[in-house]
Each structure stands twice: as structure tokens, then as C-alpha cells.
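For reference, the structure discussed in these notes is given below.
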Amino acid sequence: METLRMILALPRGGSTIADSIDLLHGFVIGVTMLMSTYVFATAAWFTIRYHRKRDDQLTERVTATRRGEAFIIAGILGTFLLWWVIGFRQYVDVRDPPSDADIVYVDAKQWMWKFAYADGRVSNDVLTVPLGRPIKLVMISRDVIHSFYVPGFRVKQDVLPGRYTTLWFEAKEAGTYPIWCAEYCGVSHSAMRGEVRVLEADEYARWKRAGDAKLAGAPPCRLPGACGEGNLVAEGRAVAERRQCVACHTLDGQKHIGPTWARLYGSEVTLEDGRRVVADDAYLTRSMMEPNADVVAGYRQMMPSYRGALSAGEVAALVELIRSLRDAPAPPSGIALPRLDVTAVKEGGAPP
Amino acid sequence: MTTLPLTHAAPPGAPRSAAHASYLDTETTLRSWLLTTDHKRIGVLYLGTLLATMALGGFFAMAIRLEHLTPDPTVMSAMTYNRMFTLHGVIMVWLFLIPSIPSAFGNFMLPMMLGAKDVAFPRLNLLSWYVFIVGAVLVLLSTFVGGIDTGWTFYPPYSALSPTAVPLALLGVFIVGFSTILTGLNFIVTTHTMRAEGVGWMQMPLFVWSIYATSIIQVLATPVLGMVLLFVVVDNALGWGLFDPSRGGDPVLYQHLFWFYSHPAVYIMVLPGMGVVSEVVATYARKNPYSYKAIAYSSLGIAFVGFLTWGHHMFVAGMSTFDAGAFGVLSMLVAVFSAIKVFNWTWTLKRGAIALKTPLLYIFAFLFLFVFGGMTGVATAAMSLDVHWHDTYFIVAHFHFIMVGGTLTAFLAGLHYWFPKMTGRLYPERLGMLSAALVFAGFFVTFFPQFLLGNAGMPRRYFNYPAEFQVLHVVSTVGSWVLAVGLMSTAIYFLWSLRWGPEAGPNPWGSRSFEWRTASPPPKHNFTRTPPFEIGPYDYTQPLPDEAP
Amino acid sequence: MSSFTVPRTVSRTAVALFVLWAASFALSYAHLGAASLLVALAIAAAKAALVVMFFMELVSESLSMKLTLAAAGGLLAILVGLMAADVATREPPPLLPPTREPAAHEPAPAEPGVPSR
Amino acid sequence: MTAARSVEHAEHFESLERQAHAARLGMWVFLATEVLLFGAAFALFLTYQVQFSHAFRAGVAHNTKVLGSVNTAVLLLSSTLVACAVHALRRGDAKLAARLVGGTIALGLTFLVIKGIEYGKHFDEGIYPGGVGHYFTLHPIRGLAAFWTLYFGMTALHALHVTIGAGVLGVLLHAIVRGRLGRETAYRLEVGAIYWHLVDVIWIFLWPLFYLA
């Protein structure tokens, strides 16, 4: 494996999917080398073997047999389809995150990467992840198209403005891996680099406790109110008040101008046009960005779009808040805004 | 175009009737060239223009390679670098590669290969050249008013936001596209309606088939590009924001429409090159193509299936997994047609009578580079690999193998092969062989390291890069110098041959193809009498009854 | 007007066109919901076919003209089809189904959310 | 487009019949490019329609259905007239053909006038391409800007085609009046008429997109 990587100049394979992809890589490039050499050598051999003897030399007519042609076509098509079958299966693996992945929100802008973790931490250009845990990145861009690329993990995904895209990986070797922007994004495109820092479990736990102070190069904190001790759920409450979400949405299950957030997460919602959707991360974020796309039955179209108004960190905080409320107790009639159950908050946060 | 002599050395004192004078001799004023409707002269006008644009694009390429000698800024700023690679791409794609073989050699050869006097719409043909010039001038003008820094793909929202001369350059490309459509339309109608007696669909030289297939793509794909570029122009200039996410636009849809054109455009560039290969291989092997029908129909097959594969440029762009998978499997089909051609060319050599001349040497380079470049292309349609390769130097290397290793090599082969027909003179064969070897070596040294760079993860369009990539970049830059020397020596001996090259005679290569059955350079109406078309263009089983007109 | 009479193909085509025009106009007042666009486009296709066949006289043209138009129409269908297929089959925007880790006190995981495509 | 000035065919063609065939085929190939040109915008419209069906319905509802439908009828009628003109010229009735072509051009201009009235209405209501204008602040529906941008883009491009088509027919009308087009060279009017029909066909598809559904 390592020899193969050396020959192909590949970087070390730091993720769980790297080995199988690199094997396909070796297979494909090997066949390519073989075929081009074969064609060239055959042509060269014919040139020597059938060298022209007289300028007006005549040749006999030689034509292909139908069977020969069919054989060649079938062989080539078979090889290519085999590549595709293997490649497509791996592609689906690369695209489809495991359901227990930890989520990190990524905000890309000219020319930096911002990361918001489930526990409320944020960082710039350095993504810290634990070894051996699947990590799902939920990414959006503030301006133009970027592309999140970690060669060491063999993963890449364009980061679009106005739409969330995802990418996942599971690191299997501790260390640092460069992040590069792979979609041309302006004058400092080549300076839009970062790194993934993969920490062993105990090291990661220490980092979670103490932050970057115990590690090298503490990234500055940019998002207002998102730093410090509080977790993402608490941050979500702050955002909900700051952005006036609570003017229309209650947290305790009471009906108000908009649907309540209590027990919303994961429930099935009926929309005004009769469709039924599950209120998942996707639905929630979309409802913030395109409120009128899926209006819940019984409510009016009146929520403004928060596209551009909410940062990725704030969206993350709101989604975490709503997630923490999924097991909120049934509405005790008459009492507004009950204190949240502490255990619900903990479960809503990042898994250990 | 100023490099070509307007006169052709005639035997002194030989009286020539107007019908027998060559197309170069009938009238020699500048006006007669600028207002000509003769397809041969228009072909020459195109050839001159395209060589100039190629030199310009090549200059940008050399500057880019020079910049990459060191990981940090070497000779230019990041802003300049971004403009350089954009202009290199725009010029090479739209002002050189797409019109290269069809507009220059296609214009010159296609009517002759059909035994026709001219194309169906001669004045439209001239108009197409002028439209091309207008578009090219607009594109070049944009360099002087701030350049353009979006990359040749013009992805919004960046292209909508870029403060550079995006509207001007895009309008230029739009107008060039219009010229492409007119040329393609002309060739399609010519092939349908202008074939001489005895030249049926299955008697046409294979070059005609490839140009015909190319024209189909040009006519059907280019308008989509035109439309989508217009949307970007109004977006950038007037702020209409059709692809602007903050107004509900979806930038991925731009990519769909753009690649619906730009993937078939790859075949616009390489199909004519394949036609040249078919001609050159048959001529120098003095052999019929191994399977005429397979080569002819695979051209049409490529033209059609080429339209089904555009999505493989977007595997990581945010397309659905289902659509990506569909595009992946469709992409495999198009490669099969190319593979059929490659095997047929190789097997054409078998039991031939092969003379290794410069054009054939270029074709051998084509075979190796095209197979390698093509199969690495198929490899990117093996989708998990593309996730790693997308937008890295691997892709850069891959498409340069096709564009330069394929199309440019075929263009040079065609230039050497038809030079005697167009000018009536021969070039120095040994210098030709030497330059071909230099071009091949230079090309390989330039672009092979870029595959490795891409594997290592180096993204494209990077001004600065991590220091560990420097060795490969230096090798690549040195290779580009060898390539440049090879191309320059080619230019020099061609210029020399225009004046001092020995007389070629009508058919120096002993080809059976129809364009060689008249004088070199050909008379104004191509044939002074009806040529013997009963003997097919690839029939080497019997001698031609009379070689000279 | 002189002895000229309108050819029957032209007159019949014109009548059919206006009938379809009226039908399309009338149907736009019927509330067909999502189908209304499809119905309107189907009528438009019928009208376009009439114009192409009998006004533009494609019926009596040679095969090359028919193939030209078929190629253009076919490619348009491919463009629309594969582009729409992307939008229609995108993973439920913007995210894949959420994590639903069963909480400690939850006896069994609830049924999975939106299918992944 | 072709070089024929009289009944004689151009030098590089074998016969007038071939030349006429080439001219018609050339026009059909050109029409194929037009189909793809509008097709690109059409594809964009349909894809956005799927994404923002709510906004697109709102946009259609706002458009004046009657004006759009009258315009459709105008173009259908003009197509009928020019089809008759071709038949008339083939029978050698140049006078009638000239009148019919004149009528076609007049109907084309009528179409443009109605379209202009509509544009004026939109501007009065504060609807401009790119989602600019107070209409969009009153109706903050996502995707509405895309609808109107596509509306203006596609109808303006179509109007440009109507103008070009009317111009082409004008040139042909001039040739008929001068007696340079007759029974044998009717194919040239045919070629112009085919183009006019295509302009009609494109509108046949734009009408339901912007006014009906």
C-alpha cells in the first residue's frame, strides 16, 4: 500500500476510505499505462515490420471482422464499467455519512474557513477532530463557491453560497492534514488553506476541556457570544432571543404565531399543501432560509428569510437548541416558558 | 496571415489561363483576400489568425510556468497570475483549439474532399471569419481594460461579482461562438448537398466525417453556451442575478448549462484531430482504414454520446448522487467510441507500406498521448477517484494530454501533411522529425509531472503552493521550455519553406484522398476537370490512372 | 382576390391551431394544480407540431431536415431531463437525514426520517 | 444567403434545385441552433419552476393573461398568412403574396406593440429584471426575482427574434414587389417563412410558461 502511494505520489491515507480508493487508483492507472504503451508499441512494431519498400508500393485491402470488433468493444466497455461499478460504490460511501457522525458546521468565506463545533466552540482554519470518530461537516459559503479539500482523507466537496452541502470522514491516523480550497475563489485562492488536527481520544478530551491553550496556536474567537464556557444549546437560546425568534415561536409547546419548537425535532409535520415532512436538520435550516417553501398547515406565510442574517454558528446553535427540546414535557397548561430539563440539554449537546 | 506569401512562384513565362492559375495567383491584392469567398483563402486567413492566437496563448502559458518555478511569487502578482491563466484558457479554448482544425483545414480541405467547387454558402463563410475576428478582438480588448480573472469556466457567483472586464470578454466569446455556429452550419449543408458525382456518404474521406460530426456538435451545443454566457453578462453588468443565491438563484444550474456545451466542446476540439489521424495514417501506410464504417460511425457516436456526459465535471459540485452516478456510467460509453478509433488506426498500419514521415511521427505521439490522456479521463469518471482529483493538477494534466497531446499534435500533423497542398512547397523533412521529437519530449516532461502533482493534492489555479511541490513544478517548467523550442523551430522552418522550400508537385505523399488529385496549390475552383473519383480515397490496391492534373 | 384559394392543409391547420389556442386559454381557468403546466405544455407541443409539420412543411421535406429537428429536440429533452433529474433527486435540501441517536431513556429508535433520496 | 440573383443557380451549385435544398437545409440547421438557444433558458425556467413553484405561480397570476393570449393569437394568424403567401408565390401570384407578407409584418409589429404595452405596465408596477423595484419589496417571495428575470430575458430575446423576422420578411417583400422573387425562386420566401414560423413556435411555448400555468 505504501509502495503504491509512493509510486503514485499520493499523500498518506489518513481516513478510513483512503485505502480502497487508492487501490482503485493503482488499478486504473496501471491499466492506463499498460494500454497506452501497448498501443504505442504495436504501432511502432507495425512501422518496423511493414516498412515501405517502394514509393508506389500497393497494399492489399484488409478489413476488420465483425467478431473482432465486437470482442474489442465488449472488452473495453467491460473494463470501463468495472471501474465505474467500483468507483460508484466508493463514491456513495464517500457521500453518505454514517448516522452517528458528529456534526461540525463550516462557514467558508474569502479566504478563510470557520468551524463551529456542537459544544459552542469556534475556530478559524484549524479543524480539531477526534481519532476514530466519523465527522460530518455541514458547510455553507458566505460569498462565492469554495471547495473543501483534504487530500490526506481523499475527500472534497464544493461549498456553495445559499445551500448546505455535507462531507464526512473518519480519521484513522493522528496528525495534521492540510485543507485546501479547490474551487477558484479569487485573488487569494491559493492562500485559503487550513488544517485538520486529528487528536487521540485522551488528547482530544483534554482539548475539549481546556481549549487550544493547552495545544499549539490558539485560534481567535470571532462569533459574538459563541465563545467561552456555554454550550451550543445555551448559545441557541441567546440567539433565539437576540434574533427575535421567540417573538413567534415558543419553547414550551404552546401555539403562537409560528409553530412551537418543543418536541418539533424529529416529528412529522404536515404542510399547507398536504405534504408530510420530518422536521430534521435539513427541514429546520431550510425553514430559516426559505420560510415560505414549506409552511406548516395552519400557519400563515409571514416569516422573513434569515438567509445571510444568521451565521453558520448561529444556525448550528438554533438547530441544537431545537434538538434539545425534542423530549420536552407536554405543555403544562397555562404556564409559559418552563425551565428546561437538564438531561435534555446534555443529550442535545455533542456526544462524548 | 501576413506570414503567408500572396504569390506563388510560377514557372517563369509560363502562360496560365485563369482556370489553371492557383488560388494564390488569381488575384494578389490585399482587397482580393479580405473580400474573398474562396474557401481555400478563407482557410488560409483562419490559419494565419489561429497561429497568431496560439502564439499569444502560448505566451501566457510560458508565463504561468515561469511563475511556478518557485512556491512564492516569482515574476508576477497573484492578480496578474489569475488573469494570465484565465486568458490562457479563454484564448486557447475559444480562439485556438475550437476553430483550429475545422476552420483552417476544414475550410481548405472539406470542399475538395467532396469534389466541390466551394462550400454551400461562401459569403456566409467569409462572414464567419469576420465575426470571429470581432469576437477575438473583444476578448483581447478585455485584457487592456483590466483583464478577466474568473478562470475560463466563468463560474458564478464569482464571475458575477468579479470587478474585471467580464462582460466584454464574455461577449467576445459569445460572438466567437456565433462564428463557430456559422462555420458548422456551412459544413453540414456542404456535406449534404455539395458532394460530387461518385462521392457517396461511404466514399467520403474520413476527415469529412469527423468535421461533419464536429459541426453537428458546434451547431447544437454552442447556442446553450451563448445563452448562459448572456445571463452571466447581464448578471455582472446589470445585476440581474439569475444565478445569485441571495436572490434564489442556483449556481449549480449554471454549471449544468455550461458543461452541456463545454463537455461536447472537448469533442469539438478533438474530433477533427481524429479526422487528421485517419487521413495521415492511411496515406503513410498506403492502406485502407481497418474499418471505414467503424471510424465514420464512431465520430457520430462521439458527437451524440458527448452530450450525455457533462455531469462528470460536477461530481463534487453539489449534484445529487443519483444524477452523478448516471453521468458516470454514461461517460464510460463515450470512451468506447474513442477506443474503437484508436484500435482501428493501429490496425490500419498492419500489412501496410509504412513510411515514417513527420506527420506520422506526430500521429504516433498523438496515439500515445491521447490514449493516456483519454484513459485518465475515463478514470475520473470512476467517481470516487474524481473526488480526489477534481480541480487538481491531475485534471490539468489530463486535459492537456487531450488538448495539446491530442488536438495540437494532430493540428501539427495536419499542418505538415497539408502544407505542400496549401503552398505548393515541401518543408525540410529532417528538421521536421527533429522538431516533432522535441515537441513530444517537451510536452511529456511538462505535463507528466502534473499528474503526480495532482495525485499529491495540488489544486489547480494556485498562485503559491507548498514547498514540497517545487521539484515537480521545476521539471514541468523546464519541459515547457523544450516544448517552446520545438514549436519555434517548427515555425522557423515553415517560414523558410514558404519561400525556399522545393516544389511539392500535386501529390508528394502519394495519397489517394481526393484533395490530392489536383494541383498544389489548387486552382481557384479546385479541380480543372472532373477527377477520377471511381477510385476511392483509401484504395491502394491499384495505381491511380493519372497522378497529375 | 384572384383565383387563389387557401390550400386545404393551411386552412385546416389554422383552424386546429385556434381551437387548441382556445382550449388552452379556457383550461387555464380550470384549477388543475400542478398538472396545469403539464397540460398547457402538452397543448403547446401539439400546436408546435402542427406548425412545424404543415406550415413549415416538414412532412414533405427530406430526411435530413427531419433528423436536424429531431436532434435539436432530442438534445433539449436530454438537457432538461438530466438537469431536472439533478434538482429532483438531490438529497433533501440542504442536509441528509439527521442523526437520531436513541437517547438512554428511549426504548427504541423512532422510525428513520426522510429516506435519503 | 445564397448567391442567386436570378433564376440561374449560383456557380458552385449543380442546379437550382440543389441550391434551394441547401438553402432550406441551412435554415433548418439554423433553427436547430435557435431551439437550443431558447432551450437553455427553457431548461433553466423549468428547473427553477420545480424549485420555486409557489413563486412562479404567483408570477404567472400577476401577468395579464388576456394580453398574452391576444399576442398568441396574433402570431398564430401571422403564421397562417405567411404560409398562404408561400403557396401564392408558388402559383406565381406575386401580388397576393406581397399583400400577405405585408399583413404578416403588420401583425408582427402589432405583437411588438402589445409586448411594449405589457413592459410599460410592468415598469409602472415596479417590476424590473433582477428583482429590482417596489413590487418585490411588497412580495418578498423567494424565487419571484428569478421568474421575472427569466420573463424579461426570454420575452426580450423573443421580441428581438420577431424584429429580425419582420426585417427578413421586409427584405423579401421588397424583392417580391420588385419582381425579383417569383415562382421558381419561391424557396427564398419559404426560407424566410420557416424562420417566421419558428418565432411563432417559440412563443407557443413561452405563452403557457408565463401566462397560463
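Every chain is named by a letter (A, B, C and D) in the order it is written, and numbering of its residues begins at 1.
Everything that follows uses one rule, which is that a contact is a pair of C-beta atoms (placed from the backbone, for glycine too) under 8 Å apart; a residue touches a chain by one contact, two chains touch by 3 or more.
Remember, it's a predicted structure, so these values are computed and weren't measured experimentally.
Closest chain to the protein centre (all Cα atoms averaged), using per-chain Cα means: B. Looking at which of B-C and A-B shares more C-beta pairs in contact, the answer is the pair A-B. In terms of their C-alpha centroids, the spacing between chain B and chain D amounts to 35 Å.
Separating the centre of chain A from that of chain B, both taken as means of CA atoms, is a distance of 39 Å.
Counting partners per residue, chain B has 192, 220, 224, 249-250, 252-253, 256-257, 260, 318, 321 as the residues that reach two or more other chains.
The residues of chain D that reach two or more other chains are 21, 25, 29, 32-33, 36, 39-40, 43, 47, 51-52, 142, listed in rising order. For chain C, residues that reach two or more other chains under the stated contact definition are 64, 71-72, 75, 79, 83, 87-88. Of all residues in chain C, only 64, 71-72, 75, 78-79, 82-83, 85-91, 117 touch chain B in the complex they form. Within the complex formed with chain C, the residues of chain B that make contact are 192, 216, 220, 224, 250, 252-253, 256-257, 260, 307-308, 310-311, 318-323, 326-327. Residues of chain B that touch chain A in their complex: 78-79, 82, 149-151, 155, 157-158, 161-162, 245-246, 249-252, 285-288, 290-292, 294, 315-318, 321, 324-325, 328-329, 332-333, 335-336, 339-340, 342-344, 346-347, 349-356, 360, 364, 367-368, 371-372, 375-376, 378-379, 381-388, 390-392, 452-453, 455-457, 459-466, 472, 510, 539-543. Within the complex formed with chain D, the residues of chain A that make contact are 290, 292-293, 304-305. The touching residues of chain D, counted against chain C in their complex, run 21, 24-25, 28-29, 31-33, 35-36, 39-40, 42-43, 46-47, 49-51, 53, 65, 69, 72-73, 76, 79-80, 82-84, 87-88, 91, 93, 95-96, 190, 193-194, 197-198, 200-201, 204-205, 207-209, 211-213.
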